[in-house]
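Two complexes come next, and they have one chain in common, chain A, joined by chain B in the first and chain C in the second.
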Partner chain A sequence: MTSTWISRMIIFITLAFLIGPFFIIVAAGLSAGDFLAFPPEGLSLKWYIKVFEVESFRESFALSMFLAVFGTITALFLGVPAAYALSRYNIPYGETIKTVVAAPIIVPGIIVGLALLRYLVVPLNLTITLALFLAHTALVLPYAVRVVSSSLNNLRSDMEEAAVLLGCSRIGAFIRVVLPNIQSGVLAAFILGFVTSFNQVPVSLFLSGPGVRTLPIDMLSYMEITYDPSVAALSALLALMSVIIIFVAEKFLGFSRYV
Partner chain B sequence: MFQNRNEGLALALPAAVFTGLLFLLPVGILLSEPFQVDGQWSIQGYVDFAFKPLNQVVFIRTLKLGFLVAFTSAIIGYACAFCIINLDGKHRGRVFGMVMLPLMISPVARTYAWIVILGRTGIVNDTIIGLGLSDTPIRLLFTETAVFLGLLQLFLPLMIISLVSSMENLPKDAVSAARVLGANWFQVFMRIILPLTKDGLVLGGTLVFTGSLTAYITPAILGGSKVLMLETLLYQRVNVANDFVSAGIIATILILMSFGANILLKRVAGTRS
Partner chain C sequence: MSNSFVSLQNVSLAYGKTVAVSNLDLNVRKGELIALLGPSGCGKTTTMRAIAGLMSLHSGSISIDGVDMSRTPANKRGIGLVFQSYALFPHLNAFENVAFGLRIKKFSTPEIATRVGKGLTMVGLSHLAERKPQEMSGGQQQRLSLARSLVMEPKVLLLDEPLSNLDARLRLEMRTELQRVQRDTGITMIFVTHDQSEALALADRIVLMKNGVIEQLGTPDDLYNRPATAFAADFYSVG
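Entry: the complex of A and B
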């Protein structure tokens, strides 16, 4: 009996350490005072409302959304064929291709941002937004390939072979037979990519210019200047957004299988 | 398995070319930059870098914090994973989900909570002053302890997840058998649990260690310029001094350490299969 009690305590303390801070942010954002404090000085929703009124937060939120949605879609357009080729064809240099595509996971983001700024943006005169888009796409690509590969590997290939033998074109077989069977894997890859891209900071550190900033970077620079509870409120809202996305994804896709 | 290799190559190449050209090539040029001094190849940049005391301090601090965070998360991770494994199915899934959840939440949000906890008017200082232990707030932010706590909270879930999945293969009777035969908990851990969960420990340790080395937000917010780590030093060198030689060297160190850890991981995983 005592050992179950001890084990419950251990789990409780660990979870309190991991999740407790989020409750603190939520509460700190509810403060009626002008400075960040806990426990909050009085209760009000003013900081949660103010977050939506700050112009730079609105702009950077829009940019982060754009990068997360379109970067991930582009990564899927590149990644799904690659994953398909790697799992169904015996291609030359397959291992090399795998390593190249997976590299963005290992290379620290800050280095990628700096390298892109110096050797892509400056010499080719690209806009920051385009560079951010390319960087986020490359960053999400490995996750797209990995998640889609794992659902392709769980799908037997004789169905598509049968479709081809019965006269379907290769592309037709892919669209009509393979894609419907891996759609939850593709959706899971999209969600994982979206979350990864939206939360990404280091890559965007150097890739920011006047008026072009991702939301996390904007929050970091806001924090340096102002010590009010609005970042706490915004953090709480972002955390809530992630929790809802993950909860829905888990409910309908069994998301944790794919991560 | 389809036989047409060119078709397969045509499908896989766009992704590889995209990453290669837009990702690896610029990074490669960046890494080669420190070797160029006045248009000539030389290692002078590395020599100068290595002899600067600040760089040494930051390098050692980064390694130290990486090891400390990995070590601490291994200890907490084992205790927690062992308790999770012994839960019944429904509770296990729920607790496991709550451990994973923070990984999906913005690291800025996760780190920001520590400002509320450790700041001048934060919970800890309020408590200290309230209890009369000190008249003025103690500086808790911008210390190594703050960075350590932030990193631990950020990466502990990775360790717990790795350990739980390797413990699932642990035969349940092994631990109770050893207990019945007279082994104490320390012996059970050293001679049964540890050898059988080595893979999970190495995987978790690698993820936590490389994660801590390459984290930017935590040292930036909780350490500031007082507790620089390699990533924040890199940012500072570029932003304050336009020093791309140091940036290239730090980048090389970070990549080498990450790759090294990954190769080690592959080797350990390889010996099993």
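Entry: the complex of A and C
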């Protein structure tokens, strides 16, 4: 009996730490007061409404959306063929390539951000938007390669040979047989990439500049000046967005199989 | 041999530096049913893949119906292959699996419908046209895979261990089925097997292979009653 009680406690504490902050943020955003505080002073929706009225939030939201969508699509255009080549052909130094591709997951974002700024953005004089776009593509690429690789590994290669013997070219077999059978893996990679890019902080912190910021960076700098509950309200909305995306993905794709 | 339809001359095959088949000569007559028989690692599957064009020749040449095919890519050879794992397309239903090659060859829609209908009827699957392969039994998948190759009217049909994934009862049924299809279509068939009784029961002639060379080539009767080597005799005594 005691062991059941202890394991229940552990589960409860784990959930409290995982989900607790989410409730605190939702509640803090509902405050009627003017400062970020918990428990909230009174109840009101005014900060949830204010989020949509702050112009810089609207701009940075649009930028973050742009980076998450197009950065991930670009990463998939690079990552799907890369994953295919790595899983189908005996490429020299294939394992090394896999490690290098996975580097942005292993190396801390601060270092990636600093290195990109110092050795790519400054010497080449890239615009902020372009630098952010390249960085987010690079950050999402490892996820694209990994998730697509795992669904390619489940696909037998003799299916492509069968297609070739029925008259397909190699590329034709890839388009007609491989792609349709890995499409849920590609979609899963897109969602994972989107969420990763959208919530990315350390790299964007280095690369953001005057007037061009991703949403998380914009929220940080907003908080440095204005300590009101709107940031809590915005965080709650973003968390809700992620939850909905993952929930839908799990329901329709069995997302957890790929990650 | 002047009447040979599929001809392998002095063919050597290698994986990197490992030689799998060396200096192989083989002549198959039109409409013949040939078995490539031997233990695993003897080079029989490698030889079949080379005929299909899935593997390039280290040396020698392969010709079909008098035309040199040594450098022709696999998708232009007009050869059918029934894979051991069937290699059906899981995203397409039975009809579309069979129609796949016909669509690549740009046949008209009514022509495709006719041919697929004929193909499915030939293997007794016309009632399952809407089924996905993974909703079919092993025997049905096998027959679907056969139909998918047959509708292309290939010059040669290759079969990789066509019966090995089936249970004993289905294996007998499929044997009869293969012989019937061969009789009806008159198609030249080459099948790979490690099962001597299968080769004896099905083939017109048997190519017994060992370590990448032909150990003996002859009719089932030849091989059974007049084994050329101790290996051949030993291989048959098991069955």
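Keep this in mind: the second predicted complex is superposed on the first by the 254 of 259 C-alpha atoms of A that agree within 3 Å, B and C clash if a C-alpha of one lies under 4 Å from a C-alpha of the other, contacts with A are read in each partner's own complex, and residues count from 1 in each chain.
Following the convention adopted for this analysis, a contact is a pair of C-beta atoms (placed from the backbone, for glycine too) under 8 Å apart; a residue touches a chain by one contact, two chains touch by 3 or more.
Fair warning: this is a prediction, and the values are worked out from it, not measured in the lab.
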item	value
Fit or clash - chain C, chain B, common chain A	fit
Which of chain B and chain C A:P104 touches, first, second, both or neither	first
Touching partner for A:G167 - first (chain B), second (chain C), both, neither	second
Chain B versus chain C as contact partner of A:P180, first or second or both or neither	second
Touched partner set for A:D158, first chain B, second chain C, both or neither	second
Partner with the higher number of touched chain A residues, chain C or chain B	B
Minimum C-alpha separation between chain B and chain C after superposing on chain A, in Å	8
Of all residues in chain A, those that touch chain C in their complex	156, 158-159, 161-169, 172, 176-177, 180-181
Chain A partner contacts - residues on chain C that touch it in the complex	52-54, 74-75, 77, 79-81, 83, 85, 87-91, 100-101, 104-105, 148-149, 152
Interface residues, chain A side, partner chain B - complex	7-8, 10-11, 14-15, 17-19, 21-22, 24-25, 28, 35-39, 78-79, 81-82, 84-86, 88-92, 94, 96-97, 100-101, 103-104, 106-112, 114-116, 118-120, 134-135, 137-138, 141, 145, 157, 170, 195, 198-199, 201-202, 205-206, 216, 219-220, 223, 231-232, 235-236, 238-239, 242-243, 245-246, 250, 256, 259
In the complex, chain B residues that touch chain A	1-5, 7-16, 18-20, 22-27, 29-30, 76, 79-80, 82-84, 86-87, 95-102, 104-110, 112-117, 119, 121-123, 126, 153, 156-157, 160, 213-214, 216-217, 220-221, 231, 234-235, 238, 244, 247, 251, 254-255, 258-259, 262
